[in-house]
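Order as written gives the chain letters A, B, C and D; numbering starts at 1 within each chain.
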């Protein structure tokens, strides 16, 4: 039953992901991405990553995508202009062929690899406590570095986005 | 573990049916006007003529708030697992989190000083 | 209720390829950015699937960090887009050859 | 996992959704009559059924006449609006709020015919994160409602509303961390059970006694999240007509109204669970009341469960009414004040509360 559910969610995820790259309106694209991220959270639940699934929604769907929507609205973006010209068509076709080939190749690669499948997960697997114990012992240094990364992001974003106070010469 | 989510799935399904039924209620049962659509379909601005195109750009302040939100949201998300196990981690765990918060607190102080939180 | 790891990895591969196509096909910088987020998520999915196959949670912790990096990236990346839009009034990647002088 | 379990889960889900819906409706009535009382008006009193209602308290107005009226209103979509998103926005405003309640326990456990039913729709180990995840999605209804309307004021209201919601989400999340640290779990039923003992055998050990500051921050942030007075900048009538749902009519508009009230109920439900002992009744244990002297008043199982559910409902309702009192007592803030309160006061306060809690708990062992 879990496998059947997975196939259903996976199919929906792929459809939503295609919506992201195919819809001409950036707002709709962003919404398709929200749907994709939400469905991926469901996939994470099926893979027993409960905590990560919740974080996926909180961080990605609830925060990062809100920022994307804000920027799209802030810049008042409309539909992309339909692109014309033979060179453009050829390039697009090549991109699609290459992408599909990449998907097939990766899928075949995965099929060939014997990753094995563990039986039922240990109790508490993927819960907050299990992840936390690993995060705050084995991954302590990356965790602290994360705060520096976030600090740099705040400073960088504020500097870039805020208008300059001092009048420039030009 | 997955059994826990049966309730969530059922609530999602039931909730979707209820809310969809509610939202589409007026489209099904509501009155329909036949005349003067052009006036009625105008944007409502208390009877005044429309004040111009709707989707103008707006202050970059809102965007700054969204950036700060992302960063602090990630910070909060890191604290939840910590809050579960900090008893077992003891004093070292506390120091880890204090360092983390101090570095991000520095970020907040910077943003504050720079005036990104000020609305004028 | 066990999902075969191969299936999850295949889904990851397909999503990654869709992201690649999106980056190549679209010219709107923000949509390209979203396609990159899609690729990051595809990688996250394979981390989670392989963590499940190994029965260890360290793969999930890595996803945690990827999310953080994605958040930082979105904040700075979108700030760059806003700053460049302020100067050039476009988000078309072809017209935004900023470093070409 | 048989059919019976699914049936039981369905029944619980239905009961909880109905609880949210009906409590929101009753709350609407409380707000109309209560605000009238506070402002020395009469309030809703018109509708009656053939004049048979002897005392007209406006219940029919609010609970029967208004919904019927809204149902028969024309559904107007302004020119230039995005039809699909215009339809989707009210759905996205209500849906996440309603499903949040799935993780909130409304009773201990019910034993019937050999089945032990956990009185909680979904007993999630990561309950609080689920709640946060769902409430973080509620912002889409606001953003899209404003954007899809193709109206300047609606868009401004949407931007204001979403910026306000995300700002207070941080303070809310940080305040909840204080409570999570106290109980050491994210499972809301476990949190409810942890509040079952008493200090000196008399005072219930509710979360609010451990985390008063967290409760205060949570409540203020919660009221701000509902986007109503004194934080109703996104829909401030004198400035923005009615904000992000200016261009909505009929049941779509009602859905936006409902989302505000349902958010109040969810905030009250969360506050009850984390800070006011969830379904716990003081001195009531699974076998009956344990009085301070050591005497035990035994009660049948069904009576205990009934008392618990009643206790939960009463607490949630009381907190809802308190929120309405706050609304009608305080005037509207300015937008810079709203943002300052969130970022410069509540956020540092919640952070300090969290760190002090951590230090105290670690040092006391």
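The definition used in the following text is that a residue touches a chain if its C-beta (ideal position, glycine included) is under 8 Å from a C-beta of that chain, and two chains touch if they have at least 3 such contacts.
Because the structure is a prediction, the values reported are computed rather than measured.
> Which chain has its C-alpha centre closest to the mean of all protein C-alpha atoms shown?
Closest chain centre to the overall C-alpha centroid: B.
> Report which of B-C and A-B is connected by more C-beta pairs in contact.
A-B
> Roughly how far is subunit C from subunit D, going centre to centre by Cα mean, in whole Å?
Roughly 35 Å separates the two chain centres.
> Using Cα averages as centroids, what's the distance between subunit B and subunit C in whole Å?
Inter-chain centre distance comes to 21 Å.
> Give, as an integer number of Å, the spacing between the C-alpha centres of subunit D and subunit B.
16
> Scan subunit B for residues touching two or more other chains and write them down.
Counting only residues that touch two or more other chains, subunit B contributes 1-2, 5, 55-56, 58, 60, 62-63, 66-71, 73-74, 77-78, 80, 84, 93, 108.
> Multi-chain contacts in subunit A: which residues touch at least two other chains?
Touching at least two other chains: 2, 46, 48, 50-51, 55, 58-59, 62-64, 66-67, 70-71, 73-75, 121, 125-126, 128, 131, 135, 146, 150, 153-154, 157-158, 161, 163.
> Going by the contact rule already set, what residues in subunit C reach two or more other chains?
Those would be 1, 64, 67-68, 71-72, 74-75, 78-79, 82.
> Tell me, which pairs of chains are in touch?
Touch list across chains, by label: A-B, A-C, A-D, B-C, B-D.
> Which stretch or stretches of subunit D touch subunit B in the complex?
My answer: residues 1, 5-6, 9-10, 12-14, 16-17, 21, 70-80, 87, 90-91, 94-95, 98-99, 101-102, 120-125, 128-130, 147, 149-156, 159-160, 163, 166-167, 169-170, 173-174, 177, 180-181, 184-186, 241, 246-247, 249-252, 254-255, 258, 335-336, 339-340, 343-344, 347-348, 351, 354-355, 358-359, 361-362.
> Which of the residues in subunit B end up touching subunit A in this complex?
1-2, 5, 55-58, 60, 62-64, 66-71, 73-75, 77-78, 80-82, 84-85, 88-89, 93, 96, 99-100, 103-104, 106-108, 110-111, 114, 116
> Quick check: in the complex, which residue numbers of subunit A touch subunit D?
Touch residues, subunit A against subunit D: 27, 31, 34, 41, 50-51, 54-55, 57-58, 61-63, 66, 69-70, 73, 124, 127-128.
> Flag every residue of subunit D that touches subunit A in the complex, lowest number first.
Where subunit D meets subunit A, its residues are 85, 124-126, 129-130, 132-134, 136-137, 139-140, 143-144, 147, 155, 159, 162, 166, 169, 186.
> Applying the document's contact rule, which stretches of subunit A touch subunit C when the two form their complex?
Subunit A residues touching subunit C: 1-3, 6-7, 10, 13-14, 17-18, 20-21, 26, 29-30, 33, 36-37, 40, 43-44, 46-49, 51-52, 55-56, 59-60, 63-64, 67-68, 71-72, 74-75, 77, 80, 83, 91-92, 95-96, 98-100, 102-103, 106-107, 109-111, 113, 115-122, 125-126, 130-131, 134-135, 138-139, 142, 146, 149-150, 152-154, 156-158, 160-161, 163.
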